[in-house]
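Letters A, B and C mark the chains as written, and numbering starts fresh at 1 in each.
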Amino acid sequence: MTPLRVVGLLALVALALGPMLPLGAAQEYIWHVIIQIFLWSFVGNAWSLMGRFGLVSLGHGAFLGVGAYATVLFWNYYGMTPWLGGVLAVLVTVVLALVVAYPCSRFQVVGHYFALVTLAVGEVIRLLIVAERDWTGGSLGLTLKTGGAASGWWTLQFADKRVFYYVGLAAWLFGLWVWWRVDRSMARSAMEAIGEDETAAASVGIRVTRFKMAITALSAALTALGGVLLALYLAYVNPDTLSGIGVSLRIVFAVVLGGMYSLLGPFVGTALTIALSEYLRIYFGIKLIGIAETIYGLLLIIFIIFLPAGIYGSLAEAVRRRVRRAPGRVAIGT
Amino acid sequence: MIDPIFILEAVVNGILLGGVLALLALGLNLIFGVIDIVWIAYVDLVALCMYAVYFLVTHYGWPLWLAGLGSIAVGALLGAVVHLLIITPILASPPINQLLATGGLLFFIQSAATLFWSTDHRSIRVSMPTLEVGGIFISVTRLLAFGLAIAVMIALYVFLTRTYTGTAIRAVSQDREAIALMGARPQRLYLVTSAVGGAMAGVAGALLIIQYAVHPYFGGAFGPLTFMICVLGGLGNMVGAFVAAFIMAQVISVGGVIVSTEMGYVIAFVIFIVLMFVRPGGIFAKRA
Amino acid sequence: MLELSQVTAGYGAFTALWDVSLRVAIGEAVAVVGPNGAGKTTLLRAISGLIAPRAGRIAFEGADLTGHPAYDIVAHGIAHVPEGRRLFPLLTVAENLKMGAFLPTARAHFRESLERVYTLFPVLAERQRQRAGSLSGGEQQMLAVGRALMSRPKLILFDEPSMGLAPVMVLRLFDMIARVREGGFTILIVEQNVRQVLKLVDRAYLLEVGRIKVEGRAADLAEQDFVRQAYVGL
């Protein structure tokens, strides 16, 4: 067992035992923050499946929003259990993703164009939610109807945060597993080739359109699942917190901050950004509305300028360089 | 059924709206076409200029036309500052970092505006008459804004085609090294481009504050619309953006009258996505 | 007029020029010849300021221009007609020429310079409003030279001007360069077409793998074996 594996295993055990530890009066709040970190990291990982291959989407809020709203709407209006509603929500999102991905993949809509097209999609969804306020609640949002006596595993509504802790942990680990599988698959090499030179990739027989659509569908499905879980956990959905450009940018920021090309990058980035915004919110309270966000925005700009590889990426690079220069190794040339 | 006179009115208003939207799109496109970076926060800069005009008029008692000039100055300054502080360090970074840098600026501006000026909607009362032409009502304010927008766009055209600096700006987007061989400094040209783009945002801000209320999330309303127009016209294509702006404005205006204001926007976005299917490079895609 | 002393230059980890020294006196026409990849283009880019030398010194009319940026070097009077022309394809012929006169000193004499270019190249006057990208190869070369002339230079650098031109055009090209030279400009020309260029210039250098191998009067070099070999090899 390599030292890294041991550390990983210990961390896993610690996480599994987490809720058992007495954390004092603030424990509900701490669990709340940790659950958010799990779920948003899961979403971040999903985004990075596209981002790492050059498909920079600024519209993942669309997938998140559709997943979240569909689940709530199915339950509120049709009494459909979230087990089914969630699956349907994910399916609907995948359809949406394929509809958008098809022209983009087939006609080489890449780079800035792709980013702006996805941005537009994200906004359409948000606008639709707001426009159809009669059944979506518009800008005021929609609350998940309580299951009342039927609460529990059927409705996936729990009073005890600890259940969601494990749900979040499981989702996050699942997301990591999917990322790891993609990383090891043929798809990864194909996507990297596509990312570097689509025409060249096509000329060696790589089915460019198929791969792009597949990875988009996967990313969208996982993001939608994240939306489903967030909707169930928060029991409230709002077009500005779960769709639109704001949330899309936040997702991307967290991932790029942490490091887009690494397994734990999204987690590191999300944990830091959530911790930061929570800290700022507590520190400033309701004293100066907007100051937390202002500092957040400023720090993001500074980070992008000075740490382009992200925190995790930069650290990993620094560690690698140290290892190369370790004593006892002879450096040949420069 | 809707009285055709309302549709006609919507068409006219659509044209008037198109003028201002075209101005927004051209400013964004100018910067992208030359520097190859999309300022995600562009419309938020416009919002800042709107605030500038608002405060100059209501708190300092400036006449509107003077505040408009002030807005242009503020816009040009903002454009230059953003370019120097944020864009220059990331010129060589991968596109995603560039998008995020200007995206971060968007967050920053929107929250700073909330911090300083709260989420209140602020507008300027402009008492101008309403013209009646053949049964349809046209707001003189909108007419004026349209006229000024067109005038500014003509001025931009003259600048880009008749002056040395303007032509050099077009040249640097085609071959950066070659223009350096002629004695022009590419970095300086980029700075001028950003300042001009900012100045146009300033004009747009002045024209918008007399029609709409400003609030910190104004960029969220007009921003995506502006991006859509640019993509539709072909990113970097000035003529394309101009045409696309009017097309979109018509959809929003007429759709707004037939269904509802919000659905007008939704329809516009959906049409955009459909057009992306048909012409992914934009309806006037620049042929490489 | 132009003096390079032991200039070393390259791109990233790759060094293309090693210890290159050469001179061009006022009024001279000098050629640098050599095979593909010898570093000829790098040489001109180092002189015109597109790349900065790693070592050595570049002096023009006594002033040290080593490492100065391109926009400054052209202000001192060195114009570079780049490899592949590098015209602004979407700008018209007239606009390309206008850009050639970007420098303040050049702008002051814009009309005059434009007259001269149009007299030298009447076809450019005819095609004033045409987009540069739609011109033929020969016309593009003329435009590139004309554009360089607009900056009112003292020294003109030609980078592989015959590249991509039909043989008939190549003859006309060297004719044209001879006329430019007669106009009083000093010329430094880099070429693969050894035989033709040696007829045009006074002196020449042979550059191989980044180093100057031979230097001499054009007439003397034309007799040498390597020229014959190069011609046959072409």
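We take it that a contact is a pair of C-beta atoms (placed from the backbone, for glycine too) under 8 Å apart; a residue touches a chain by one contact, two chains touch by 3 or more.
Values in this document were obtained by computation on a predicted structure and should not be read as measured data.
With every chain reduced to the mean of its CA atoms, the largest distance from subunit A is reached by C. Set side by side, A-B and B-C show the greater C-beta contact count at A-B.
Centrality annotation: B (chain centre taken as mean Cα position, compared with the mean over all protein Cα atoms).
The mean-CA centres of subunit A and subunit C are about 55 angstrom from one another, to the nearest whole unit.
Look at where the CA atoms of subunit A average out and do the same for subunit B: the two points lie 31 Å apart.
Our note on geometry: subunit B versus subunit C, Cα centroid distance of 43 Å, whole angstroms. Residues 164, 167-168, 170-171, 174-175, 177-185 of subunit B are the ones touching subunit C in the complex. Residues 48-50, 69-71, 74-75, 79-80, 82, 86-91, 95, 98-103, 106-107, 147, 151 of subunit C touch subunit B in their complex. Partner subunit A is touched in their complex by these residues of subunit B: 32, 38, 40, 86, 89-90, 93-97, 99-101, 103-116, 118, 216, 220, 223-224, 227-228, 230-231, 235, 260, 262-263, 265-266, 269-270, 272-273, 276-277, 280-281.
Residue ranges of subunit A in contact with subunit B, taken from their complex: 51, 56, 58, 100, 102-104, 106-109, 111-113, 115-117, 119-124, 127-128, 130-131, 244-246, 249, 252-253, 256, 260, 288-294, 296-298, 300-301, 304-305, 308.
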